[in-house]
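In order of appearance the chains are A, B, C and D, and numbering begins at 1 in each one.
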């Protein structure tokens, strides 16, 4: 694949842990790759299956979901719901021929600024290895209608 | 969308944040890019959007250009979303016609390549512009604030916060885990730098707590459950039995005399095991409440059931002692809570090369605080465990501080308390005292002067991190001593200094139970484990959970003056909420589109707050928006897409996704 | 028969440290822990090599690990503390600095091998209790100071706690050997300095000997050929320098254990000692086997 | 009177940066100058610069002073410093790096046996795959200061009579598989 391939990642970060971790990364001036762009949701439990499919349909090479650590959810158990949904999603995506690594769920607490760097940089590396989600148009179209 | 609320006219504002953003993101290019996006009628860049001129700009443009949507690309919404929403409101626009783009924490500060950072910023702005077009006008709800306050922790922080609130006429529940309030400060003899007696300034406050009509004091108790939300917390407190009734006991302490155990045999926790107590005891003479505790672990009656229970006899017709007492569970309702759960000191066993636990004459600073304390195990005499008077003493700074192998942070108080102990030890024993420090840190009113005072008292200050404390001798001059090996980094050679007593200035660390407390109150911890404040500078006593405030060392190590100041601040924050009478809630709640609801009940199980209920007669779900906290889990779960969440509508988020992928 | 540990003697155990090899082999035989010496092993790369060319020092170590891998060993025994450290450091660096691994094919595979020190093997794979059960000879000697030296317990090691190791004390304790509390147990013996800057090396070892004696030890037990050599070889010289100095046997912990478990005296290399030969005579050569000893 | 005055032009900050990139030396610039390394080092008391001062010299870029010091050669790499350093700097590795450079630039003290030993050891192991203690010491002595042999006679005899002095010149079979001679260099 071309070396200049820059993966695009849509990151759904929960407002209370992972989004704050990203803020902390900022205030600590931690440098990471610019390939991930954050959509803020109140809780990882809000991340709808459609959001993920939409992201892939619209050209994302990877989707990252960030929530609070198990037991730490600001809404008690939203992150568990997210986990359940994530497992189901993976199976679904596999059937669509989308590799597991393209969807990632991470628990990142408000204190773990550097974890944001690690996760995003890792994911970019993985996606560079996998290459662009070069789904034929009809595949994307298929995704779109599912979404 | 436009048919719903007139033509969409968006104003986009790009903030330079001085150089914070402008240095890494090409703000001009960004503003020009934004100007060309659909529905954008105006795009500006400005040095400081959060400044009042910046906010005026928005208000003015709303009027001049009939803007009905605002996007500000600046810092994190956690910092200024509220600021800008207010600006919209003042400008006559519904505050929720607003979206904020975080191009500082998520672009300029975390990327180095200007082109890439700018590209990313463009995507984010594009996303916001698409999103904001779908925004609906929303109204904030209001919830009343219950005027009572919960204060957790009865150290100086909790005590001060409780008294401040109580004096302001609010009712306070003060919950303390130990049998007495007072916390660590009660263990100290003198306080730096003024050397005024800790007891003299603390004990009056302690008894004031006890006698204050507005304070319910529950010692030997812990919070086990917290439900509800700001203004309306339901708290469960477990009160362990102390086997002596606080209301009936007069504090005569005759039961202690009467106890069949004539000798005190149990290591006394309050004195860190430096003295012994009986199975029935009072932590220390000035304890509040002045009520003994029975320790079931060591009380004969509990172990064998065959005790003469002379204590009960001694108590006579007061009948205060009840060895069959059981734990009580209290349910209270409060509007706000202040966490003042404090700290614990570093366990010196984790630095074995200093010999704590191996050599009896190696002490922790807290142990020495008890030794120098007039009401301590030695009545203020600084003597070694074998009764000898130390002739040379070495104080080792930074034990468990500033060390990647233990704790990275500076514990802030060790330098000063080491100076204090050095002074007191020299005063009491006339010993030669050596301080071994990496850097002397004396920032505080009168601190530096105190340091000077000690220099003039000819206390030794040796700059170097002690490598080891051992008992091996180099020659006869070191026989029977502990030897401190250190590089005197200023004199420039390695020294061996034989001493009789080693004092380890152990640092402050988060309490072992901090994680449980954190979960209980639904707040976060910073990386080192202390409770996380909402903002290090602008909201140092607030947490990310409304109505929960922090005071004292549970937030970070600090000395007594700072702790008291912070406790006052926390009390003031609580008062502000209480006196406002209500708090405005975010309108990001969920609601069911009844016509689309198929009544599958999926959502019911999703909600941890039982906010979603099933209306049998219409066979549809309904969300109680007062109970709903707005996580959106039910929305994501609804198979028929019948539930929607304000501010996080599907179409809003879809638009945002398309935006970030628009490949600007 | 359990499958054998790979055995990497290192240069010293073939020379000045031969008693270590003898006693180690004897001891492991007594415990039915088979050892298989690596075929055509090479120098571990040790300290001195590291000074010239770090990269090929790592390659040297890696070659040995590769040999062990080829021979099908999962674990490699390195009795010499220096070898033990270098082998483990090599693995550690290969892990943390891909740059290093990139320079050398061996390094990629060598992480699979677990490099172990005999002390740690005896302590974790058998443990004091099981060794106590195999006890044959009652200890009739004096008190012993356990000297761990530096490199066995330092950053890359898993052999014991880095500041206050205890495993040798516990193993010797298990066979009834009284040990003394020895604060210098991990102070460096000076390594090769006795050969290069002699006076410095001598002073270091002298301190170690004096403190052991002051704590009432009549012998020192070691885990490393270089430590043993430094402490053993120069006592007479020290005696000459400053009249009085203990003539103290410096033993390998494997010799003591081997003796206690009934090993054949000739096979334990006692005659290789330079200092304290009289004491060794008294302690070890009287061969009164007491089978019933301690067996419970 | 010797003037002691350091001019900033003598400082090679780029070199300091390079050193801090070597494996184990990452923390170099985070050093607190607390002296834990020197305090715990059994040899610091013989060194011309304590390990702490070596770190100070390195990060301020005083290359020549650091490389020509006796300190780096006295380091017996016991790693006590690495264990005690509150910044987890592997000072022993810093020393190794400096030793290598000192040898490249011939900057070590003349006829100082330790670097000589290192070089002889290196040669021997490269050629034969193993080191033979007797021959190593012999070569080291001849190349640095033959007189020290006299002091060793007695020890030698002691070793010989206890069968611990082998005159065999060890050699492995598969010499080819050894790392070939490489110009001393770092691994980035």
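Throughout what follows, a contact is a pair of C-beta atoms (placed from the backbone, for glycine too) under 8 Å apart; a residue touches a chain by one contact, two chains touch by 3 or more.
Just so you know, these numbers come straight off a predicted model, no measurement behind them.
Visitor: Just to be sure I understand: the centre of a chain is the mean of its C-alpha atoms, right? Then which chain's centre is nearest the mean of all of them?
Guide: Chain nearest the centroid of all protein C-alpha atoms: B.
Visitor: Tell me which has more C-beta contacts between its two chains, B-D or A-B.
Guide: A-B
Visitor: What's the distance between the Cα centroids of chain B and chain D, rounded to whole Å?
Guide: Here the centre of chain D sits 49 Å away from the centre of chain B.
Visitor: How many angstrom between the C-alpha centroids of chain B and chain A?
Guide: So the centroids are 31 Å from each other.
Visitor: Using mean C-alpha positions as chain centres, tell me how far chain B is from chain C in Å, no decimals.
Guide: 50
Visitor: Can you list the chain C residues in contact with two or more other chains?
Guide: In chain C, 163 touch at least two other chains.
Visitor: Return all touching chain pairs.
Guide: After working through each pair, the chains in contact turn out to be A-B, B-C, B-D, C-D.
Visitor: What residues of chain B sit close enough to touch chain C in their complex?
Guide: Where chain B meets chain C, its residues are 352-353, 358, 470-474.
Visitor: Going by the contact rule at the top, pick out the chain B residues touching chain D in the complex.
Guide: 353, 398, 402-405, 438-439, 463-468, 485-489, 492-494
Visitor: If we count contacts the way the header does, which residues on chain C are in touch with chain D in the complex?
Guide: Of all residues in chain C, those touching chain D are 11-12, 14-19, 40-43, 45-56, 58-60, 63, 85, 93, 96-97, 99-100, 103-104, 150-151, 154-155, 162-163, 186-188, 190-193, 195-198, 200, 204, 233-234, 236-237, 271-274.
Visitor: For the complex, which residues does chain D have touching chain C?
Guide: 23, 42-43, 46, 74, 76-80, 82-83, 90, 96-97, 99-100, 103, 113-115, 117-119, 121-122, 125-126, 129-134, 137, 140, 148, 151-152, 154-155, 158-159, 162-166, 170, 172-174, 177-180, 182, 184-188
Visitor: Provide the residue numbers of chain D that touch chain B in the complex, in ascending order.
Guide: 32-36, 38-40, 44-45, 50, 52-53, 84, 86-88
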